[in-house]
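What follows is a set of structures for review.
One chain, chain A, appears in both complexes that follow, with chain B as partner in the first and chain C in the second.
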Partner chain A sequence: MKKTRKQKFKLKISSATENLEIIREFINNIATKAGFDEESVDQIELAVDEACTNAIKHAYKYSTKRMLDISVFLDTEKMEIVIIDKGGGFNPDKLPVPNLEKYMRAAKVGGLGIHLMRTLMDEVNFSINPGKKNQVSLVKYLDRKSA
Partner chain B sequence: MHFVERLDNGVIIISIKGKLTGPPETDLLCERIQSKIEEGRLHIVLNLKHINWMSSLGVGALMKNLRNVREAGGDLRLTGLSDKIKDIFQITKLIGVIQIYDSDVEAAESFKDEPKA
Partner chain C sequence: MSGFDISRSDFDNITALHLSGFLDAHTVPVFEDAIQSLLKEDIYNIIVNMQKLDYISSAGLGVFMGFIEEIREKGGDIKLSNLSSKVYKVFDLLGFPALFEIYENEDTAKSKFNNS
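Then we have the complex of A and B:
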């Protein structure tokens, strides 16, 4: 069986919302180079933006002294983005499906970002180990249309 | 983030330019809308034509503002949505709870038959 060649790209960046633009550009360049169409590139960019926003907001509570590790693995079939933080974790399975009508009546909406990630990407996997290593993996296949 | 405001028959139309991806932009938007509520301007149109990026935090900020304006007795309506932003609204189901129009004129006229805020 022929082995698929994998390329790896890495970005280590401080956990700041101002850096989201740099992260999006990093992702955009790789996704475009991989051959995704414009719509898919936008979707990947937004999903990564949401994952990093979650880490900045929830894991690191907007502390810009902490770091985000972003790795991208590219082969002929797919693009996988792995985002790692070492902050406080959460249980992604316990997040409700966001209900905006309910939000209009009462409580704060939650889980919008994760809902977006799951809709935009083909695979989303979490590995949560609070304070040690929280990891989210986002996968998009080149020959599939998701959202 | 830039705001440009104008009045059309008692309706305040606010065009915003920049990105809505979280603080400080989302806070600035909330402050701007809150000041309109305090001035008694409760018929508000937000033109998003020049918003080039929005994440779930932006959607959350729009929801918060929509709720605040409605609680004060008015409404917040949107115009100028790009396909990209429409997709985000579709996925987050914001499209079902907020009124969206093709132009500022249509959005402003939609308030015509409603009691003056």
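Then we have the complex of A and C:
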């Protein structure tokens, strides 16, 4: 007898910013179906957008010929989204929490996305192997209210 | 497909940009271009009205950060108005209310320019 019902969803999609909308809809549909409230659905959608934007921008440098693999695992407790790219990696631990004053002077975009992901989700884990496989896992629990 | 639009209203010494739709890494160049053209016209008193903005990611917030210093150096400002609670939450999470003036409506934002 199964204790928890697990479901898996996969989306393999070209690494292009124009596909962010499709990715968001894919995530939104699953999160809504999983029973998250509207605010949590918005948070998951934004966190996944940020993770994919990072992969498109930094790992693939806007090359639309590359692919993003997005897997969603759903059980009665949580939703986990795993985003995999095979581009150049980075060290997420070396990214400081953005200092907005400094950031404003530098007028650069970056770091905000990862900070948002960490704020919006219950768990964020990176596994970075540049050129081979970079993976970010985002987890949101159904019974927790965060952010 | 991805809907994002900007319309512009010019007042005496203030220009308001009305954003609508989805502002993400794909649509952000449209917003950057709009601000850039204002700067080319030496317009530095800018209101960004987000009443019809459904979605914003950090790419969109980066535009504000990218231009604000130049605009303030010229004596201007970007003031924000009409944020939905969904959009406001994203600004709030990243600490923007400490750096930008955010008003409930465009008229209030306008009056703040006129007072300064």
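The working rule: the second predicted complex is superposed on the first by the 140 of 147 C-alpha atoms of A that agree within 3 Å, B and C clash if a C-alpha of one lies under 4 Å from a C-alpha of the other, contacts with A are read in each partner's own complex, and residues count from 1 in each chain.
We adopt the following convention: contacts are C-beta pairs under 8 Å (C-beta built on N, C-alpha and C of every residue); 3 or more make two chains touch, one makes a residue touch a chain.
On a predicted model such as this, the values are computed, not experimentally measured, just so you know.
A.B. asks: When the two structures are superposed on chain A, do chain B and chain C clash or fit side by side?
C.D. replies: clash
A.B. asks: Does the superposition put A:20 against chain B (first), chain C (second), both, or neither?
C.D. replies: both
A.B. asks: Is A:67 contacted by the first partner chain B, the second partner chain C, both or neither?
C.D. replies: Once the two structures are laid over each other on A, A:67 reaches no partner at all.
A.B. asks: Quick check on the superposed pair: does A:11 touch chain B, chain C, both, or neither? Answer first, second, both or neither.
C.D. replies: Touch partners of A:11: none, neither chain B nor chain C.
A.B. asks: Contacts for A:142 in the overlay, against chain B (first) and chain C (second): which applies, first, second, both or neither?
C.D. replies: neither
A.B. asks: With both complexes overlaid on chain A, does A:120 touch chain B (first), chain C (second), both or neither?
C.D. replies: both
A.B. asks: Count the residues of chain A touched by chain B and by chain C, then name the partner with the higher count.
C.D. replies: Counting residues of chain A touched by each partner, the higher count goes to C.
A.B. asks: In the overlaid three-chain picture, which partner chain does A:128 touch, first (chain B) or second (chain C), both, or neither?
C.D. replies: The answer is neither, since A:128 touches no partner chain.
A.B. asks: Based on the A-chain superposition described above, do chain B and chain C contact any of the same residues on chain A, and if so which?
C.D. replies: 17, 20, 24, 42, 46, 49-50, 53, 57, 98, 100-101, 103-104, 109, 112-113, 115-116, 119-120, 147
A.B. asks: List the residues on chain A that touch chain C in their complex, please.
C.D. replies: 17-18, 20-21, 24, 39, 42, 46, 49-50, 53, 56-57, 98, 100-101, 103-105, 107-109, 112-113, 115-116, 119-120, 147
A.B. asks: Spell out the part of chain B that touches chain A in their complex, as residue ranges.
C.D. replies: The contact residues of chain B facing chain A are 21-23, 53, 55-57, 59-60, 63, 66-67, 70, 84, 87-88, 91-94, 96-97.
A.B. asks: Please output the residues of chain A touching chain B within their complex, sorted ascending.
C.D. replies: Counting only chain A, the residues touching chain B are 17, 20, 24, 42, 46, 49-50, 53, 57, 62, 98, 100-101, 103-104, 109, 112-113, 115-116, 119-120, 147.
A.B. asks: Please output the residues of chain C touching chain A within their complex, sorted ascending.
C.D. replies: Touch residues, chain C against chain A: 1-2, 22, 24-26, 55, 57-59, 61-62, 65-69, 86, 89-90, 93-96, 98-99.
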